[in-house]
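The first chain written gets the first letter, and so on, giving A, B, C, D, E and F; residue counts start at 1 in each chain.
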Amino acid sequence: MKQDFKPNIVGFLCNWCSYAGADLAGSSKLEIKPYLSVIRVMCSSRVNSNLVLNAFLWGADGVLIAGCHPGDCHYEKGNYYVRRRFALLKKILETLDLEPDRLQLSWISASEGKRYAEVVNKFAEDITRLGPSAFHTNPNI
Amino acid sequence: MKNPNVLVIGSGVAGMEASLILGEAGQKVYLIEKESLIGGQTIKFEEVYPNMECATCMVAPKQQEILQNENIELFLLSEVEQVKGSVGEFKVKIKKKARYVSLVNCIGCGACYEPCPVSLENEFEEGLSKKKAIAVACPGALPNVPAIDPENCLRLNGKKKECQACKEACMFDAINFSEKDEILDLEVGAILIATGFGLLDAKNLPQYGYRKAKNVYTAMEFERLYAANGPTEGKLVLRDGETPKSIAIIHCVGRSEQGYCSGVCCMYSTKFSHFLKHKIPEAKICEFHTDLCIPGKSHQKFYQKILNQGVDFIRFDDIKVEEKNGKMQVIYKNGNGEKDKFIADMIILSPAMIPGGDTESLAKTIGISLDKKGFFSTQSEKLSPVATAVDGIFVAGCAEGPKDIPGSIAQAEAAAGKILSILR
Amino acid sequence: MNDEYTPKIIGFLCNWCAYTGADLAGVSRIQITPSLRIIRVMCSGRIDPLFVLKGLLKGADGVMMMGCHPGDCHYQKGNYSARRRYVLLQKLFEDLGFESERIGLWWVSASEGPRYAQVSSEFSEEIKKLGPNPVREEIFI
Amino acid sequence: MSNVLKIKKGVEQGVNELLKFLLESEKVKGIFTLRKMNENGAVSYSLITHPKELKNAVPLFPLMPVNAGKILSGFTLKKAINEPIAAVLRSCELRAFIELIKRTQGSLENFLLISSTCGGVYPLKSLTDGTFKEQVSQYWESAKNAEIASDIRPTCAACEYFIPQQADMTIAIVGKNDLQQECSIFLNTKKGEEFTIGAPGNIVSEEIDTKETTKLREKRQDQKKKLFDEFEKNGFGIKALVKTFAACLSCHGCSKACPICYCTLCDFDSKTHEYLPSSHEIELEQKGGIRIPPGTIFFHIGRMIHMAVSCVNCGMCSDVCPVNIPVSTIFSKVGDSLQKLFDYLPGKDIEEPVPSGTYKEEEFTEIGE
Amino acid sequence: MTATQIDSNKMPTKGAIIPAEEEINKTIVDIFKKSLEKKCFDAILIPVRVPETEAYAWVLLKDQSLLDEANPLPPIISVQGAKALRSLTKRGKMTQNIAAILRPCEIRAAVELSKLKQIHLDNISLISIDCPGAMPLSDYLADPEKSKKIYKNVLEKWGEDDSVRPVCHICNRFSLPSLLHRKSVKISPVEQDEAKMPSIDLHIGLLGGNQEKIFLIPVNPKGREILEKLELKSDDSLDLWQTKVSEVQEKKEKIRKEFNLELKEKIEGQKKLTAVFDECINCHNCMRVCPICYCQQCFFDSDSLTLSPETYISRAEKKGALRFPLDTMLFHLGRMSHMVLSCVSCGVCEDACPMSIPVAQIFSLVADQTQKSFDYTPGINKEEPLPLQDFLEDEFHEVETPSEAMTPEEVN
Amino acid sequence: MNEKIGVYVCECGPNISERIDIDRVLEEISSAEGVKVAKKFGLLCSNDGKNYLADEIKKEELTHLVVAACSPREHEQTFMNVCLEAGLNPYLFQLVNIREQCAWMISDKEEATRMAIKYIYAGISRVTLHKPLLKKELDSIPDVLIIGGGISGIEAALCLAGKDRKVYLVEKTESLGGMVKKFFELLPYQGSNLAVIEEKIEQVQNNENVEILTSSEVEDVRGFLGNFEAVIKSKSNGSETKEIKIGAIIVATGFKLFDPKNIPQYGYGKIENVLDALEFEQMSASGKILLKNGNPPKSVALIHCVGRNEKGYCSKVCCLYSIKFARHLQDKLPGIDVSEFYSDLCLPDKADQDYFEEAKKKGIHFIRADNLELKEKDGKINVEYKVAGGKKDSIAVDMAILAPAMVPSEDTSKLAEILNLPLDETGFFKEVHEMLDPISTPIEGVYVSGCALGPKNIPESIIQSQAASGKILSSLIPGKKIEPEVKVSEIREEFCTGCQTCLSVCFYGAISFDEYKGISVVNEAICRGCGSCVGICPSGAIRSKHFTYPQLYLEVLQALR
């Protein structure tokens, strides 16, 4: 693992819970590792496999999807669907041994600023440990 | 011509809901809140039964809407001083206390907390954490603007007149020590009281050992204790930093003294068990209850689920808490009249919901009556569950009696409905 | 070949000239071949070669295209395009060994009722001579 | 006569030298060319931006995994590139690109177009069935001698347009006896000359058309005639077509691979050509039986109507056909005839309009009277 | 028990045994001729050889004479049968009664498509047949005569001859009635058993018949009614068939396991998988012939992914080079994420791949794993909801980051 | 491309400026494609800042605006308003959050600056794909359909009907009043006040803005908030149907009682003088509390929680009305012996407990028991039961009154289908959000009140009706147009394959299927813009405005810079 490896992590955050949680982490001045770029979506269920694959294949070292806790979805059921889709994607990557650990699904509520910071930092650590994604440099992808 | 404006007193879920409905209808709403933030009691909860939704996530969009709605004028740190007139033409005097921090200039960066030399007990956190004399109640409070506590601010209470640490730290010129309390005159067509509830002070019931035994908490304290934005950031620890291994939750604290069942304690106590079981799976948890009051179509299922998770539910007749050799024990008589005891590291009391602190004075100010239990009374004999005896004055939420959140919201919507119906 | 055989012919007629011409023939009580089924289009330029192809592959015995005379197009230039497409189609049919006689293009003006009657009955006669479109019996088409 | 850059190296190394020069001197931002991907011989087009990646560049490799014209069109569909890129592509690919640009499906702007006199390419199948390595050993020899290399795509063997028309530079291959010693790059345009200023090698003056190229053209023309005749021998008319397309899976892979088929949603894949159950039933009543899915012949002829005048005979369609239908032969036969009809050579001149989009008042005047 | 295992208690036990006088193919065709005569059906959808060629095409026929060239089990799959059914009924239901004779994977794809509203199964009797697999399209086209002979052998030696396509060789779903779907559907318990049966009416059993007889197996009342109309008694015992099905099943499971282990070794991991797909030329043939890929316009063919050239250049600059056509890996993984839960491993994708990439084998491997984790076997019963259109509130917690950011131990 | 993008970075006092090197940010991004100006400002959300921005938009003739400042949750609306004022479509603006999620979270200035640049790049490339979205306005009909003429329905009608708002009150039976008309007394501790009900019925009958349709049922409903159409079938007028147009609907179809016959050990229907609560209400209302043999009962057992375990919920009201029965029996038949068998007493209203205490004082026996079984014995009813600790006991009584669980009324599931409303596990209508929105349904403009949602007492039912009225009065104002959400999903017709997957995941019923075209159709008036449908559509035929695939995809790309 190189010292200067700064992973690129893409985080899809749902507007109502996780994005608010991230804001709270910010206003609580919690320190996070500067590797995660946040992309706001209205509901975690908007995140389809293509977006995740895009990020992953285009060289993201990690992808995080965060939404409201099950049952808390602002649109009632969205996160249940995304969980299924995610389970599918994870399984595909697992079967093909494509480093499924680079994908993570987390439920982060609006009040969980602390958790947001913890999740992001832990994920960043894990990814740093995994090292750069090889897709990043493969000219055939 | 009736004045179309409405005065809403209290910005808890009921007050917010009613204000939003009235605001959406195009009515001008004056929303009066005695605290420095909006949201009432609900924002203190981490999650709510029976679906364990995150309360902040539920309420935050509503809070945002209140702050952004053009039809809603919000008065924080404010109380009603006088009400005159009748339906369609009430004249109201409001006392708005100085905040000393400008809601317009402050951007909520929090730079001013650090330098403040005063450290105080944080009431919002049930005294479980400290705050400064200039502070917001909790992270994520809305509006995200601190207030200065004039009684404790060294400059304002005169103890150190030259202190202006906060002002120096503020880059936005948001702090104004010379701000004064104001009296405002409002004219409204209808008034809605949504001042909420308080909890019976457990100190008044010595048998429960509150404030005597070390780790006895009230329900509200426990709510904050496990809140992700609370004093321990959701870490469940006792005052000495230990993780509790056996927990007793005692229902009906003050029920017989108050003479009514508060209707929600059984469920929220069960919710506590749910949370505890989740966080500390190996912990022994015991719920002490009398009659279980779990109406609502999904509540029994929830109770059953917790029961199946291995939480003990014990029906008691007589109960007290004692501390012996540093161990707390719950001594009780069970449903069959047999005596028994339970050793607990942590005891959570579920006290009765009582009228909010200033209910009596507010009733006097407005000129409406209270019922036997001290809540605002409605014309229930006329099947008007949100109307008071005075035309044009309504009551919603726990100001009318103990209630759960949906009950409060429904009442708020009902009151808004009645108001829209009479003001059109 | 059966004497009874009446070919199925589809005619695509432009609204402004040919169709009016056909109407005129009707008003003038000129006998028209009963084989012709007319489809009105606004301009001969609208006749998609795919219409013609589809008609033939679905078993029409002949397809007629009719439009305004060159220079008379209601839409200025439509019939020139139609002509190119017709040429293309005819050439293509020849190359593929189809009976390119089964398609035809005629300019018929609004006043040419008799011409309309004449070209259509002539075409019908020719088609009769060709016999039914062999495509009709083709199952694997 | 035009200026020719002569690099004293074998043609393959010579071209790589040139490309390296272009990239290293930062005259171009990148090189678009074929690149070897693995040891199996698989190549793909790549945009190479770093000189170190040029070691895998195989600009003249006799395989066409995709038609580069289609790729460049997609590349510049949203807008033109704003920094120069050198693109190495074959004559038919260049023609396809130009046909697409005529339909505003891309832009030539800022491209430095490098092409070659083309000896043809091998079918992709030769790669998958392992025959490629053996076949390719003959390739350069045939090119040198202006012969038709055996086993190349049938459509390549019959291609007479192997000298590119619109390229800024043309690498001479066909009939070049000194292929292994010298690389001749014809600088056809001012742009071509400008970009080679400072390049290794020396400039001479030469004619691209030689006796040798004429010889190959004639051979290919013969081959074409043979190919077309053979097709005609197999039968004409609807019955023959049904047989030819009997195995068609309706996968429409031919249209997807075709550089000229640029539609986002092909009409034949759209709802326009879906049938109501009732229309199936009517036809069933009439015929006693119907092929499902219907419209096989309709699709192929329909596609022909849409694109045959622009067909550049690249042969991609035949290569991707999973059931070995000689699509490209049929299309080039029809295309050839239609192009003659309109006196049109696709991709020859970017200014020349597509025949179906234009007309002359005084043409085909005998029609319709 | 998983859905793929045989629960012989639930398999149909009674059917009609028909002796085959000449070839079994002729016996089957004769039954269908009779079914047209007896008005069991108005028309039949079946593969028919195109005259004067070696190609097969789906034909919907009324005319009995067309059945002479019909073959319910041709050596190849040309168009996937579900695709044919879709072409027939995408826009609505048939008004006539149609019998569709399809291979098990085709039926399953058809059932999946009916869930996706691409096929209207009303008035269609699905008739399945024990399937020994099909041969690679390229092998067959290279030498049809030889292939036909080989295929005869395949039919005789179930599961032993590996001249069939790899996915057929490892197929463990070759006899539909042996598959039951596990989840109860929302209907009364009385109908439960029937509802768990595959959505077919009739099955043609070849296994255990030794090329001398075939089994006509009704799966539901409609199937029994058809046999009645054909004046066939359906009370013959199916022991022979059942035993053979179980036997072959066991064998196939074993082959499949070993095969997939080997395959995994070959493709697993970023490097290997990328290398496998390196040769992809982006023709999308695999998607176009796939019965489950039903989209009018594939997302990966659409304009959604087109970007400005600068973005491509900057991507190239990061790696030194960038391969075109772009995003082939994205296409394969993306397509996989769209359809793999419904993948029936019919193998047509691989047949259609001009670059001979083992698409079907890879997809089948992933389908195995993913479908297992969703406890879903595609195409068994049309009442079972598609996994991604459904959810349970309490499931898949293993994919979530644990909600405990701190465990109690850490707190202490 | 002719974009003229303006990028403005807010210093937010020291909050951003001290943590991020804004000058470097500006230097970097000013060369980004399409950027015309890139500037910083002290505090953009201040009045000065807003005016500055508005001036800049006009002065620089900006086509797109990017502001890098705080969270969109804080000031997105603020800057959208600035755009509106300056004549720029507010959806051609993107707020980039470099405060909360950047400056405040990353202490290393270098890193924070790097991230800020990434974020702003993402904002710039995204904004170029933004489409100007326009607010839509739809006419709305203020009239309301109320289904169910019980106390809930009547209350809602009274609350809603007015000069400019008509109410259709549809009742299945021949007369209004519903269940409560069958009671002998409404609220236990306030005496008989049946008159209140009669008064309300009269009021509603005399209200000229209420059209009462008795013996009628709703056959079909189509449309959305503000524009529903309903077909009402009347049974009395020879099955005549009537079509009405309304803007909102309240379902108040009430409840029925659980049939005690389902639990044989209560002997209901087999043993004489075992009544259910409703039968006793009516008996009391008639004034004659008599046994089958014509004699008044001398002892009565009141049995709570009949069916509670079977249904899985407590019906809340039975405890109180059983006490009401007991006290009524004592009043009418002095000396009578009354025993109440209960499991848990549920008396959550503030006055309930006192009422119960009084009953206890009056000598009514309260027995906590389970495993009850009623048997006929010597012409009497023998109640056998177990008390806590498992001890068995029994008493013999003349009469037993069962308090069965409240269950959904017959038509609930049929109506749910017509209205496309979900039911919960218990078979009652399901509220959109049990906590926060207790009377709304997933279909905007359709509300449910009273016992159709679950067991409830009369005041609660009334509150819910008033609440539903409140919602309608505030959202459907006569003459005012409704403004549906702008960032909704849209279908690209030619790409839709008609698989209806999107329908299956849309919680709000905003997508329907056009049989003729064979494609899905989004009703923009209903869609809330969550994008679940977009997430699941494989072909990308459906997309969410302002969160389109390419927009997000460019953000991803920039994140990977």
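One rule holds in what follows: contacts are C-beta pairs under 8 Å (C-beta built on N, C-alpha and C of every residue); 3 or more make two chains touch, one makes a residue touch a chain.
Since this is a predicted model, take the numbers as computed values, not measurements.
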Notebook entry, point to check: Given the touch definition stated above, what is the smallest step count connecting chain E to chain F?
Noted result: 1
Next item on the list: Tell me which chains count as touching both chain C and chain E.
Entry: D
Notebook entry, point to check: Would you say D-F or A-E is joined by more C-beta pairs in contact?
Noted result: A-E
Next item on the list: With chain centres defined as mean CA positions, report which chain is farthest from chain C.
Entry: B
Checklist line | Nearest-to-centre chain - CA centroid comparison | finding: A
Notebook entry, point to check: If you take the mean of the Cα atoms for each chain, which one ends up farthest from chain D?
Noted result: B
Margin query: Can you work out the whole-Å distance between the CA centroids of chain C and chain F?
Written below: 63
Note to self: Suppose each chain is reduced to the average of its Cα coordinates; what separation in Å results between chain A and chain F?
What the structure shows: 32
Margin query: Using mean CA coordinates as chain centres, what's the gap between chain B and chain F in Å?
Written below: 24
Item checked: Distance from the mean Cα position of chain D to that of chain B, given in whole angstrom -> 75
Next item on the list: Mind pulling the residue numbers of chain A that touch at least two other chains?
Entry: 20, 27, 29, 50, 54, 58-59, 69, 71, 74, 77, 81, 85, 114-115, 139-140
Next item on the list: Could you tell me which residues belong to chain C and also touch two or more other chains?
Entry: 139-140
Next item on the list: Please set out, as single numbers or ranges, the residues of chain D touching at least two other chains.
Entry: 35, 37, 44, 46, 53, 79, 242, 246, 265, 270-271, 274, 287-291, 294
Margin query: If we count contacts the way the header does, which residues on chain E are in touch with chain F in the complex?
Written below: 90-91, 116-118, 294-299, 302, 304-305, 307, 310-311, 314, 338-339, 385-386, 388-390
Check: Any idea which chain F residues touch chain B in the complex?
Finding: 12-15, 43, 45-46, 70, 73, 77, 151, 155, 159-160, 162, 186-187, 190, 193, 196-197, 200, 308, 312-316, 344-354, 357, 368, 388-389, 424-426, 428, 431, 433-439, 454-455, 458-460, 462-475, 477, 480
Checklist line | Residue ranges of chain C touching chain E (in the complex, touch as defined) | finding: 139-140
Note to self: Please output the residues of chain D touching chain C within their complex, sorted ascending.
What the structure shows: 232, 235-242, 246, 267, 283, 286-291, 294-298, 301-302, 304-305, 308-309, 333-334, 337-338, 341-342, 355-356, 359-361, 363-365, 367-369
Check: Can you list the chain A residues touching chain D in their complex?
Finding: 139-140
